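Okay, structure first, notes after.
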Amino acid sequence: MLYQVFEKLDRLFGFAQAKAHCDIPCGIYDPHQAQIAALTVIRMVDLANDLVKGSTKESLEFHNSLTRYIQVKEEHAEICKREVRVIFGDFIKKEHVEKYPELPSLMHHIMQLGSKARQTAGRETALELLGAVNRFAEIFWEIKGIKTKKVKAPYKPEEEIVYPLL
Amino acid sequence: MLYQVFEKLDRLFGFAQAKAHCDIPCGIYDPHQAQIAALTVIRMVDLANDLVKGSTKESLEFHNSLTRYIQVKEEHAEICKREVRVIFGDFIKKEHVEKYPELPSLMHHIMQLGSKARQTAGRETALELLGAVNRFAEIFWEIKGIKTKKVKAPYKPEEEIVYPLL
Amino acid sequence: MLYQVFEKLDRLFGFAQAKAHCDIPCGIYDPHQAQIAALTVIRMVDLANDLVKGSTKESLEFHNSLTRYIQVKEEHAEICKREVRVIFGDFIKKEHVEKYPELPSLMHHIMQLGSKARQTAGRETALELLGAVNRFAEIFWEIKGIKTKKVKAPYKPEEEIVYPLL
Amino acid sequence: MLYQVFEKLDRLFGFAQAKAHCDIPCGIYDPHQAQIAALTVIRMVDLANDLVKGSTKESLEFHNSLTRYIQVKEEHAEICKREVRVIFGDFIKKEHVEKYPELPSLMHHIMQLGSKARQTAGRETALELLGAVNRFAEIFWEIKGIKTKKVKAPYKPEEEIVYPLL
Amino acid sequence: MLYQVFEKLDRLFGFAQAKAHCDIPCGIYDPHQAQIAALTVIRMVDLANDLVKGSTKESLEFHNSLTRYIQVKEEHAEICKREVRVIFGDFIKKEHVEKYPELPSLMHHIMQLGSKARQTAGRETALELLGAVNRFAEIFWEIKGIKTKKVKAPYKPEEEIVYPLL
Amino acid sequence: MLYQVFEKLDRLFGFAQAKAHCDIPCGIYDPHQAQIAALTVIRMVDLANDLVKGSTKESLEFHNSLTRYIQVKEEHAEICKREVRVIFGDFIKKEHVEKYPELPSLMHHIMQLGSKARQTAGRETALELLGAVNRFAEIFWEIKGIKTKKVKAPYKPEEEIVYPLL
């Protein structure tokens, strides 16, 4: 079913058969920055939650820190979406989607989670986002014929990330 | 066929049944800025082509103008992509895609044309981009139950744009 | 009186007699984006006011949402000012000011209201801003020889906007 | 004549009688950055002209440098306009305009020269821009009751700038 | 001791003997903007502290203003760091460091204070930052062979700034 | 010798003994993005050089592509500098510099090469930049107690990068 959809898409606009097309940089795609961005979102959620549970409400320092955590969460949720969008738009081709039919919905899911991670401040959404980005990274490296493994990130938050065995 | 695809997507991540979700501003979607951006891309292509056909090559003024036209073309091709992406991501829901199954491929086509309009400087690609954005606008207004008509844009380049009859 | 002022201005620096000058895009002026921006400011004020009247004060979600509404209000009040400033600077000529002597003060009023809409969060200022931008749009379309009408915006907030009859 | 104009403006929207209003930072206005920006525009014009007169046309280094000079000229002409606009909008009040009726036209002249300095690459326009900004600075410091003098800038291009005697 | 360090640095990468190198603008270095930025940080801290001491907690206007002060403090602490970094990286040469061996640590100190001024909202840190930037300005003008004096800034906050006697 | 320098620095401003300080995100430091940025600079230099050697000089497509390559080179050389600067400023502490006394000069070298990579378009400088960033990455991972190896980048340009064995 999905094959037919994408075959149809292909005829419509020449779904890139062979050429790598990009808005530049050409050819340099790596999901790493998207993963770091997702980790940053989790980190900001954690810092914000710790702050709110503390006792210095209404102080200027409380507001100064909270505003900054929210601001950085905004930026990095957006960076996460953008990085995945660029790889999906420029690197992923028809034959990839045929091999991994979950790609379009995974992409869309990441976009939605990224938006939700901006609009809310719960850890669950942020973790879901990282999970989806990790799956995207896994597929990405498989396409490039590179094996991956799951490792604990070497920085806070020490959540699991998919890591290519270069 | 497409219904089944999106029903599957729906089960995967709760394809927005009823809630309008957005990264803010909430609810204020209008394809007009995307159309203006596409017109601007055509305009820059025209200005750049006129300049190159002229005789002041190698002069500083030639380079000053050309660099600026290319720069603005870059920005507006990107604005065009972004505006369509936001409407598609935040406003378009499952029932809309069911009624207009061309939407996902149209969205993807606009993204590709937007990139191509950045990487090259031909009028054809820029016109194609406007055409695709106009079709997107047409569907958008139909979804909102508002009739449209085609009019000549009241500014250069005086190409046709889809216009809602408010 | 105002004619004399602008005639004086004209002699001082050659108040653009005939050439359309712009920082590019050349010739593509439309007050629509300024109107959308003003609507967005009103929307953000409404969302922020609703939030503050609610009961979840001191929660992280309260701060997350409020910070985001304020941030977007900032951006769109600034977009509104910029769009009007560009049209006034590039499109409006001496003969236009002669026909519509309210233009300079209207422009200045919009700048002041835009700043005020950033510094405060009341609906009245935001509505005043939209009103002034609507009047500016009305004059703009008259200059181009295009009739307008007032319509309810096809999105929240459903305030009135001036709409060209293309 | 000009007094009547501004009195009329005043009634229309309460031309700030006493309060210093700003989009923040509040109260910190200084034309120095506008002057530096104008000097930078002249510098870029000089560097670009030297390059074009040289012999390495068509080389990659030629294009690399020229593109960068044009880019920086763009930015600084825009910075110059913005700095003057902010001071004029936030600091200049009705009584100032009454004392220095040339202010509105000077402001407008700076905006036009700033745009022209972006669209073209001639030294004359860039020098005119600096001249107008210097006059604006002179009036600014007089309003603040601080004497000024003209000095040669302590960096290239070593053009004259108005300097407050603090 | 410090001479030996920098001589070693010199051999490693040709510590700019004679050419002024810059990322453009070339040659136009002035610590003034860094000083204004530091003054702005102090101003924002003052405004924020006044607001928090006031009585309108929990109102929308309270949040609107506080968020904006914090935002501007962020920007200007960053501008301050950037301006000093550019001058240190582009203008300061080996012979300058030899004459003023405090320069590298002063630079680093400013970077740290700038970060601290973002992460916290106390007046002391902001004043320290201004003090360090003033010392940097003093050395800068001495290198250029221009005497300086300390003056009260002609705007709020009326703290002392180092001022070149041009 | 170097120990004495940094001990002196330490006394001057409390060279962070134990606290990790950052401008946020706190704790998430990784040289990977700096390495990708350096690879991108090399890639843009290669694409630009190929273009200039080709035969379509003076065509609009030639200028369109070249301007874009130069623009992206600008951005990524700056990203490279910024990423290293943040890690050096926030993550590197006194004890690290004691163990790896080359760190400050390496940091400074990267800043200079980054600037040079913007001002010129030769492959040698871009390769030098990557080399310096790779050395910085090596030290970074050693500090974190993680072994590294050198691998060929899994994308163009396929130059060597230092890779942590997580």
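A, B, C, D, E and F label the chains in the order they appear, each numbered from 1.
In the analysis below, a contact is a pair of C-beta atoms (placed from the backbone, for glycine too) under 8 Å apart; a residue touches a chain by one contact, two chains touch by 3 or more.
Values in this document were obtained by computation on a predicted structure and should not be read as measured data.
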Chain located farthest away, centre of chain D as origin (C-alpha): A
Chain A and chain C, separation of their C-alpha mean positions in angstrom: 36
Averaged-CA centre spacing for the pair chain F and chain A, given as whole angstrom: 23
Rounded Å distance between chain C and chain F, as computed from the means of their C-alpha atoms: 43
Sequence positions of chain F contacting 2 or more other chains: 24, 67-68, 71, 118-119
Chains touching one another, given as label pairs in label order: A-B, A-C, A-E, A-F, B-C, B-D, B-F, C-D, C-E, D-E, D-F, E-F
Chain E - residues contacting chain C, complex: 58-61, 63-65, 67-68, 71
Complex interface listing, chain E residues touching chain A: 48-49, 52, 57, 66-67, 70-71, 73-74, 118-121
Contact footprint of chain E on chain D as seen in their complex: 24-30, 32-33, 36, 39-40, 43-44, 47, 68-69, 72, 76, 144, 146, 151, 154-156, 163-164, 166
Parts of chain B lying in touch with chain A, wherever the complex brings them together: 1-2, 4-5, 8-9, 12-13, 21-24, 85, 89-90, 104-105, 108-109, 111-112, 115-116, 118-119
